[in-house]
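The same chain A turns up in both complexes below, where it pairs with chain B and then with chain C.
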Partner chain A sequence: MSEQWVEVCDADDIEEEDVIRFDHGDRTFAIYRSADDEYFATDGLCTHEQVHLADGLVMDNIIECPKHNGRFDYRTGDAKGAPVCVNLNTYPIKLEDDKVYLKLG
Partner chain B sequence: MAQQRDYRIDASTLQQAQQVGLASADWHACKIDRKTLKRLMKRENQAPLAHFGLWLLLLIISGSVAFLAWGTLWCIPAFTIYGMLYAASDHRAHELSHGTPFRTGWLNTALYHLTAFMTLHEANFWRWSHARHHTDTLILGSDREIAVPRPPNLAKMLLDLCYIASGWVELKRIFRHAAGHLTKEDMTFVPESERPKVIWTCRIYVTIILGTVGWCLAIGSILPALFIVLPRFYGGPLSQLFNLTQHTALAENVLDHRLNTRTVKMNPIFNFLYMNMNYHVEHHMFPMVPFYHLPRLHDHIKNQCPSPYPSLWAAYREIIPGVLRQRKDPGYFVERHLPEKAKDTPRYPNGSRSTATA
Partner chain C sequence: MSGQITGPVAIVGAGHSGGRTALALREQGYRGPLVLIGEESYVPYERPPLSKQLLLGAAEAPDCYLDKRADYTGLDIDLHLECSAVRLDRDKRTLKLSDGSIVDYQALILATGGQVRQLTIPGNDLEGVHYLRTLKDATALRASLLDARHCVVIGGGFIGLEVASSARQMGCEVSVLEATDRLAARVLPTPISHYLHDLHRHNGVDIRLECRIQRLEGTDKVEAVVLESGEILSCDRVVVGIGIIPNTALAETSGLDTGNGIRVNAHLQTNDPAIYAIGDVCEHRSPMTASWCRQETWRNAEDQARHVAHHLLGDPTPFQSLPAFWSDQYDASLQLIGNPSAAAHTIVRPHDDDHILLFHLDASARLVGVSGFGPGNRISKDIKISAQLINNGGPLDPAGLADPTVKLKPMLKA
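And now, the complex of A and B:
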């Protein structure tokens, strides 16, 4: 599959230390803006119970699943303990002209 | 005696629940603005430190009075208060298992392990069990935390006021897990990678429990056990009365917490002891909201929910007749009434049945 950059949203559409959901085709992603104004992207669903992470809480570098408090480092996708054991996939992201782009491939 | 409904849990019952759309399903969530919810989900350290600090201080004071009064009649009220506070560890372990009270993670973890031992719920096992309860609340074939299976066993319910029936089950489970054995039911929700943690934590629990027994035998007095382990039993009635309000006599196999869960208004002392878990519809619908924000969450969504019960007594005026009726008719449940403008998603699917309204 060829790599492609997909426009997600305007940079200001995501508040600092927050997350939004982004659906593309049949895939769903979580797009984060950190307190340091950096952007990150992971799979959109928790690896524990397939819950949308965009409804969860961003705190420091952690996204917490809204259902069971499963915690991931959204910069690396690493699962940080029960009840999640499987890491999230992460995806490259870039800002151009105040727009957020996600790299798929 | 009416026929027992099927509460077995294994891989096949879970699969059946999934096939009919009841397990791992989408649940109704009340509408709430994302910014508001985000604000309510935010954690701090100050409020929970004050709460846990007061609870631990009261435990130390009542325990000290009980120790000094040992041998006099004054030790009875002192141990009654100490036991009630000790057994309230159940609600603290529950909230801490969600990881929601403290912003600082290690405070959640450390206090979770302390309170989980106090309530005799092995910490790792119950975290997984409770995650399932939140995924599939009162879904047959999946939820193993259905406190009152139908038809209700009144003898068990009475024994559990002092945690005797369930406590015995927990103790047996702790010893079984310490021996390295998990059942098929356990393995439906505890992943393989987590099982060693369950086993080793149970071994620590067993060491403390047997150490307490040995201490009692060595000094020829029950006094040590009155401070460790036994308070969960003799101090249990009020906590159990709180816990039974959560789901008892309400609908099973529905996908809406407004229909299978109660919110009960309580006085400030009960709110403190129960850690605001009387806002239980709110807790189930938005489990990431810490206990100290649940009353505010209630204010935001109450117009979309059935009326809360005005008191513990009001809840029991419904629960007691409901339980007695379920003894004869296990299909009966108390139907909750949604507000007029929130009736878009009442879901009582096949397999549930209401024979009366409350």
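And now, the complex of A and C:
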């Protein structure tokens, strides 16, 4: 099965304008809830060094990496300039019965 | 410089800040000649992994390179490696290089960093005595620690402590010898020093404070460290981390102002406005304390490099950046922002688990610095919010800061 939806957490488990870490098998993801109450998912590790983005800060549409302040737009995965120059992958998210689901690619 | 530079730009020092300046100039559209001169044999790299991932074998040289995909040839950056700038002629605006060639410049950036301070006691030249500043040093130290039994670290500052942490994780017995009465005393607030001390003790490091060393002993290889107290610590490796001396020689011999570094104004220009100094070698007046200061941090190298690139391309904004430093040891990380030492008082934000934040306030309850310590990157979020609180500059409610159930993020909007 190359594509599947997996349950991440309850919708309320993520605060508004915040992020959590989600591990599945040997993969790790960052799951975001925006200030407008939308949900997004990206790779869990920064593309500069192997650091969990969920320890970083969400402001507007940006996740700022905890380590060297590398910034990504978490809606598109775009790296916003050095020290990060490689984009993040993004993943589809859906909400069902107040639960957050992530689609594995 | 005023207006946009067109003439040749020369950068001396192909380390973090020199490399970043070159890349940022191209990124921002500078198309003129650009020369980057570096004594080392590697393309510009970041030093923080040297004492951490690289020693542990979790990273290799290319993992440390600045912008791993940077293509200096493609960007038309004239990179001279294993080559040093030996003379600066300010009247002719030329640099003489160690290979005999002459480089012209319109603007010159001195990004020469520092060199390790050497011990001056007998035995310093024995085999098995290491210093750590460069990738070459780090590679040699890793190889050496792989079969070490007992490593004595001289200097309880960040480099020494990070080496101690890595050496413990590689299975060595480790002693840390520090001259003052607490670890990293020059930089760290006392409570954070104590946390760090506990962390190392917990991991089996033998820490000696107020410790004076008389000499190193051994026939060819180092075999012991002899203390002034007469005690003899037997060992098979010594790592010395007692600070750096800024590389100011080019500046001094050409009549630029120097103190404990090359002195610059608010735009990072020396007393010759065609010449800038950045990174570890740069001494500037702290906007917060007005005293001369030199920073040895990744963040400073990064921000000063970008500032100079902007300034050369016509942006007149003075340099402004919040000082910031981190260190990783074992599975913990400490962070420091602003100027904790400029504070009138300090508020502790206790957390019931294993991390701590200290808010350093001035006499009018404005935040001037924050420091913290905790596992992984646990404190990062709060440190980032705190950085914005410092920049906002308004007075804060000390009771809220002291109460971990009161969230910090809403204070940004207050």
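Definition applied: the second predicted complex is superposed on the first by the 104 of 105 C-alpha atoms of A that agree within 3 Å, B and C clash if a C-alpha of one lies under 4 Å from a C-alpha of the other, contacts with A are read in each partner's own complex, and residues count from 1 in each chain.
Here, a residue touches a chain if its C-beta (ideal position, glycine included) is under 8 Å from a C-beta of that chain, and two chains touch if they have at least 3 such contacts.
Please read these numbers as outputs of a predicted model, since none were measured by experiment.
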item: Chain C versus chain B on the shared chain A, clash or fit after superposition; value: clash
item: Which superposed partner A:67 touches (first chain B, second chain C, both, neither); value: both
item: First, second, both or neither for A:52, with chain B first and chain C second; value: second
item: Contacts of A:82 with chain B and chain C, given as first, second, both or neither; value: both
item: Which superposed partner A:21 touches (first chain B, second chain C, both, neither); value: neither
item: Clashing chain C stretch [against chain B; choices 96-104, 186-194 or 222-230]; value: 186-194
item: Chain B and chain C contact sites that coincide on chain A, given as residue numbers; value: 49, 56-57, 64, 66-69, 82-83, 85
item: Contact set on chain B toward chain A in their complex; value: 24, 38, 41-43, 98-100, 103, 124, 127-128, 131, 134-135, 191, 193-194, 286-288
item: Touching residues on chain C, where the partner in the complex is chain A; value: 20, 23-24, 27, 49, 53, 67-69, 298-299, 302, 326, 376-378, 380-381, 384-385, 409
item: Touching residues (chain side chain A, partner chain B) in the complex; value: 18, 48-50, 56-57, 59, 64, 66-69, 71, 82-83, 85
item: Complex interface listing, chain A residues touching chain C; value: 17, 49, 51-52, 55-57, 64, 66-69, 82-83, 85-86
